[in-house]
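Please find the structures below.
One chain, subunit A, appears in both complexes that follow, with subunit B as partner in the first and subunit C in the second.
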Partner chain A sequence: MFTFILRRLLYSIPVLFAASFLIFVSVSAVGNPLSELRLNPLISEQTLQNIAERKHLDDPIPVRYVYWLKEAVTDKFGTPLFVQTPIWDDLTRVIPHTLQLVIVAELLALLIGILIGVYSAIRQYSVFDYTATMASFLGFAMPVFWLALMLQILFTELFLRTGTRVFYTSGLNSVDNTCTFCVDRAQHLAIPVMTLAVLSIAQYSRYMRASMLEVINSDYIRTARAKGLSEPKVTVRHALRNALIPVVTVSAINFGVLIGGAVITETIFGLDGMGPYFINNLQSQDVYPVMAWLMITATMIIIFNLIADITYGFLDPRIRYE
Partner chain B sequence: MKLRRRTLVAGCTLAMAIVAGALGGTTAASPGASGGTVVFGAEQEPPCLNGVLAGCNNTWTSWTVGISFPGLYEILPNGDLRPDLIDGEAKFTKKPFTVTYKIKQNANWSDGKPVTAQDVIFTLQTILNPKNDVAGRAGYEDIARARAINPKTLKLSFRKPYAAWKLLFGGQFGVLPKHALQGKDFNEVWNTNVNSQTTGKPIGSGPFILESYTKGQSMTMVRNPRFYGKRPQIDKLVFRFITNTDSEIQAIKGGEVDAIYPQPQLQLGDLRRTGGLKVLSSAGATYEHIDFNAGKKGFALARAPWFRQAFAYSIDRTALTKQLFGTLKPDLQPLQSLTYQNTQKQYQPHFGQYTYNPTKAGQIMTSKGCAKGGDGIFVCNGVRASVKYGTTAGNRLRELSQEIVQAQAKKSGIEVTIDNSPSRIFFPQVSNEDYQLALFAWVGSGDPSGITDIYSCGGESNWMGYCSKKVTDLLKAADQELDPAARVKLVNQAGKIMGLNVPSIPLYQKPTFLVYKSKLQGLADNPTSGGPLWNVENWSVSG
Partner chain C sequence: MSDLKHDPALEPELTAPAAQPVEPAVSDELELTYATGLEVKTRSQWAYARRRFVRHRLAMVSLVVLIIILSAGLAAEWVAPYAYDEIDLENSGVGPTLENKHFFGTDVLGRDYFSRVVFGIQTSERVAFIVAALSTLIGVLVGAVAGYYGRWADNLLMRLTDLVLTLPGLAVLLTLSAFLGNGSQYRVAVILALLFWTTLARIVRGSFLSLREKEYVEAARAAGSGDARIMFRHILPNAIGPIIVNATLIVGLAILVEAALSFLGFGIQPPTPALGKLISDGQDVASQYWWLVTFPGLTIVLIVLCINFVGDGLRDALDPTQRRARA
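Now for the complex of A and B:
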């Protein structure tokens, strides 16, 4: 197992290097990042020159790549193009916010999605199964921005009608409150968590149902029943464990992607996470934070894929790592 | 393991919140009811807090932390400039051009040190230092000498007359504290705080100073006890960053913020009908316009003023403005000038003659030898009156405006083909004069000095290929005319000529919306660069 992890980690290094080069070249190919500032007649040529010199913008792309890579490795991605705040400070601020949102939403979705999927499979073609199928298609079809707005309106109306604040509709904390694990933070994250979880529940329940149906009709499950094992034991110990493998794959990829930020959800709810960080810098054409974000996301996807591979071994004893 | 425990805690707190909410146990106190705190929903977060730097310079930097640094003059809602940090109007001589300012005797920094002439000189040196990435040096470069006559009196000598001198050291981030910044790398100060570099404590001379800043979330400003003006009535001003307009609207409806200043959105109409809220709306400083490219890469017919006039007659700008803003601001009028805005007293309607008149547009075209083809579109000397009309893709308001213009122009025999691209492509195209017809906005400063670059021959921002020697001479003369009345006359003469030449068609000033709870008093919108916080010292919370 250790050798497997080490080998995968070593493979990741050239993958990350290749990713960094592709990211740099594709982002740089978009054009001169100073072009928008150049349109502002109030900004002097001297200021533009200072920025260009500091970031070596007049050098060819391969030379700029080397400078950028050096800065990324030795100075934690350095500073953005236009301001002097370290990129790493911003990333370490926004990543925990995104993690908090994504982990809660995904765990909730996994829990509910798996339960629905398993029960739907066991009670195939029942009223519950049809209802769950319809609800999951609805969840798939629902645009995130629409659901977010509807939930905001719902809880605002609830507050206006009852005077009771159940959940807040934007931000991470109330004014003068900076706590991370507290009721106030939970009240702020509840609606974004619901928004994110709905789509994931729909996704996981469908995967789980399909996978479970395949497993419960297999020979070894019939054998388990023939041995006289109780139905809950057959379902949980024998069927569920194997049926979880596709869900683990999907959820691992989901986790990796969502660490990059649930862009729409975080932006709508004003959460200071990876999503708005990416979008804001993209809009202001500050390429250096954008590239740092892309690198972090690429790294996360690699890590979560590795985690998925390791989890397979725990779920299915037939899978061995060499 | 640590992560698992944290997740559990987060899960538990979420569950607690749901239970607590269901039991009615957590009714949040209204933010403004605490006897003097106002929570303002800010639509943008400053990229960093040093608003003098190009990278940090945006409107919300000025309107938030910028209120800590008032300038020598402040801009009023009608665009006029009023002495702020100085005692009465500055005195000036014409030949040679010099300006003498007297800083208010009671103007002090929040640490107790007086605001002096040396602070203004330090600000000038900071702006002119080529190592500093400052946003603008225009006008400052014309200052030949700055001299402190005494600690509170400053004399500036200019190389040449500079008519917009009142804008210098004006607005927010007007005057910087020398004692708090001297010797530091200006590009690296005030990224995430606005502290004195010597004491580490917040500094400012305005009504509020920055107490704390939680990046990505909020900014808290507290009353400056040493403010030279009227003592602010509220204790605390909190800016919460909510960048999504829909969320801003829900936040003010649900009492999570006390005031917002959002971009025009149809949903704002609902707020006018919501009890407990007030909505102030003005014609803003940002104005939309249609530029003709009369240059080499432009549209051949657009080089002729008669075609541009015909086009102006074929657009119903009143109907356009009504259609776009009828619900939100029914009294918004089309803009009829390229020089002043209709909220300014200097404003004259140079484009007033261009009321919707397809017949007149047709007559002009016919009189120039154009004839309608089988499809109803004019052909003039072999050139079909079919023009590509571009703007920034994805801007719904602009796209809607394009569709209206397209339909209107067709009735006059002019075909308009919509050709949009994302802003990162559109603006370089415009500045390279590679377009035919372009719809975008300029932000007016209230002072006409900026328009010289736009409409004079070879002006830095003249991307229309437009060149009128008369207009150029008038605008350049206006830039050096120190007599305000004579200057207005020169600018309006240029405006009148442009009304005939039609290098560009002004459409409307984008309305601003200041929405706030009825319990707040003293708020007044300033649609210029002054912004909604311009009179924050007059705000109070009742009840």
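Now for the complex of A and C:
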């Protein structure tokens, strides 16, 4: 088990290197990042010279990559191109906000998805089952940004018509409030959580339904029924526990993906998370924070994929990792 | 799987030639049927697949709706009542109405949103088909080489797909599109295709790995066929089902992702109309003009929904081994 984890981690290091090199080179090949600043009369030539010197912009791209790599490893990704505030400080500010959003959304989605999936499976071909299937198809076909906007419009209208504030539609907190775990934060996060959860619920309910159907038709469930166990006991103790395995694995993978995948939701709702940070730096075409962001999220994906594999082996004793 | 045996589409159809007058003899009915020449009609695999697809009612309905929407996009110049950039300040902010053919309303500048949506569909489908074609081509080539040759080719190519799979997909697309996309629909399409081929490469590799051991491959080799001929004339036709299904689903995925890129401002730039851009244009005035956000979004939902249903029907028709519990 230990060697398995070690091997996977060692193996992911060259993958990260290759990925960072490819992205850095293709993104840097666009041209001189300072050419646009040069058009701005308020920025002196000296400032530009300083930036170029600090980031070694006059060197060829592969050399710049080595400088970037050195800075990333020794100085926690260093500083952005245009300003001197460390990238790491910004990242540590925004990551907890994203984690809060993603954890709540995923737990909610798991709970609802599993309930829908199990009920669809034990009432296969019922009205509920068909409705859930259609709803999940709708969830898969809906652009996340559109859903976010529609919810935003809906709740803004609700506020304007009735005058009572149920949920806020933008920001992390009200102006005079900075709390992290309180009603105000919950009112702000409710709609973003709903938005993020919809696609995950669609996914989990489908997985859960499929694996539950497979388990329910297996021999040991018939045995459990034959020896006279009550139906709830068969469903929960015998079927559900085994049917959960694939869903738990998928949710672990999903979690890693979502940390970098909540970009759209966070941007629309103006949450100060990973998403807006990424989008802002894309807009200013600053390679350095973008690279740092991509490396962090890629590492998250690798770690959570590994966690998924380990939990799978843990939950299903037939799986062995040598 | 068990219901496959009872699938009526799979059973050879018994048809009596209508021209033959059958004697109404009751006594020797059995002999008569043989005498009048009831024959077994043979069908190709494609014919079976087509029958299975046509019987999938939801997929058929979706296909019809999809064809209508996509051909409206193709013929946007004739279908749209207005040009997509025609400004008409006297009719700005008109809600959805049949009057003047403003079915989806107009925006602040009085541009007709129905026309803009139709032209947006044209852009979306063009991008999506380029993505599907290109990523299928790459995926098939990579998967075929990896699965057929194995060893180091397999290792190299699979590590390459690993690389793409470890990256946060949407963020990498946004990055490449922001720096290299230039707002051009063709560049965006190529960028999408460069990240979408991995799933297919894995599927194709899997089927090539098992198919290369089949007797007919051995026979082809004994008959002197070269590697390329074996791969693309003998093995590929047997692995075509999942490839077609995957290509269909990629069309839907590409439409969704392209819309998201354009919505965030890193995809297709004006003046080229794109569905995602239409939604972000309407975003700022959404509380007054709800239709500007609603209709382009509904269009995307409808297109992708239909594509997914068609993909589902195709999966059942072409790829019966992967048949899931029928929804």
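The rule we apply is simple: the second predicted complex is superposed on the first by the 304 of 322 C-alpha atoms of A that agree within 3 Å, B and C clash if a C-alpha of one lies under 4 Å from a C-alpha of the other, contacts with A are read in each partner's own complex, and residues count from 1 in each chain.
We take it that a residue touches a chain if its C-beta (ideal position, glycine included) is under 8 Å from a C-beta of that chain, and two chains touch if they have at least 3 such contacts.
Values in this document were obtained by computation on a predicted structure and should not be read as measured data.
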Subunit B and subunit C placed together on subunit A: clash or fit? clash
Is A:I302 contacted by the first partner subunit B, the second partner subunit C, both or neither?
second
Query = Regarding the shared-chain residue A:S126, is it in contact with subunit B (first), subunit C (second), both, or neither?
reply = neither
> A:A186 contacts which: subunit B (first), subunit C (second), both, neither?
Replying inline: first
Practice task
Examine A:S218 and indicate which partner it touches, taking first as subunit B and second as subunit C; both and neither are also allowed.
Solution key: neither
### Task
May I ask you to decide whether A:V257 touches subunit B, subunit C, both, or neither, giving the answer as first, second, both or neither?
second
In this superposition, the partner of subunit A with more touched residues, subunit B or subunit C, is B
Exercise for the section: Once the structures are superposed on A, label A:V94 by its partner contacts, choosing first (subunit B), second (subunit C), both or neither. Expected result: first
- Message: I'd like to know which partner A:A18 touches here: subunit B for first, subunit C for second, both or neither.
- Response: second
| Can A:L138 be said to touch subunit B (first), subunit C (second), both, or neither? | second
Worksheet item: Regarding the shared-chain residue A:V30, is it in contact with subunit B (first), subunit C (second), both, or neither?
Response: both
Check: subunit A residues flagged as touching subunit B and also subunit C 30, 149, 152-153, 156, 160, 267, 285
Within their complex, subunit A touches subunit B through residues 30-31, 35-44, 46-47, 50-51, 80-85, 90, 93-94, 97, 100, 103-104, 107-108, 149, 152-153, 155-156, 159-160, 162-176, 178, 181-183, 185-187, 189-190, 193, 267-270, 272, 276, 280, 284-285
As the complex stands, subunit C meets subunit A at residues 159, 162-163, 166-172, 174-176, 178-180, 252, 256, 259-260, 263-266, 276, 279, 283, 286-287, 290, 293-294, 297, 300-302, 304-305, 308-309, 324-325, 327
Listed in rising order, subunit B residues that touch subunit A in their complex are 3, 6-7, 9-11, 13-14, 16-18, 20-22, 24, 26-28, 31, 37, 39, 45, 47-48, 53-56, 130-138, 187-188, 191-192, 214-218, 220, 238, 240-244, 246-248, 250-251, 253-256, 424, 427-428, 431, 450, 453, 460-461
As the complex stands, subunit A meets subunit C at residues 12, 15-16, 18-19, 22-23, 26-27, 30, 124, 133, 137-138, 140-146, 149-150, 152-153, 156-157, 160, 209-210, 213, 257, 260-261, 263-264, 267, 278-279, 282-283, 285, 290, 293-294, 297-298, 301-302, 305
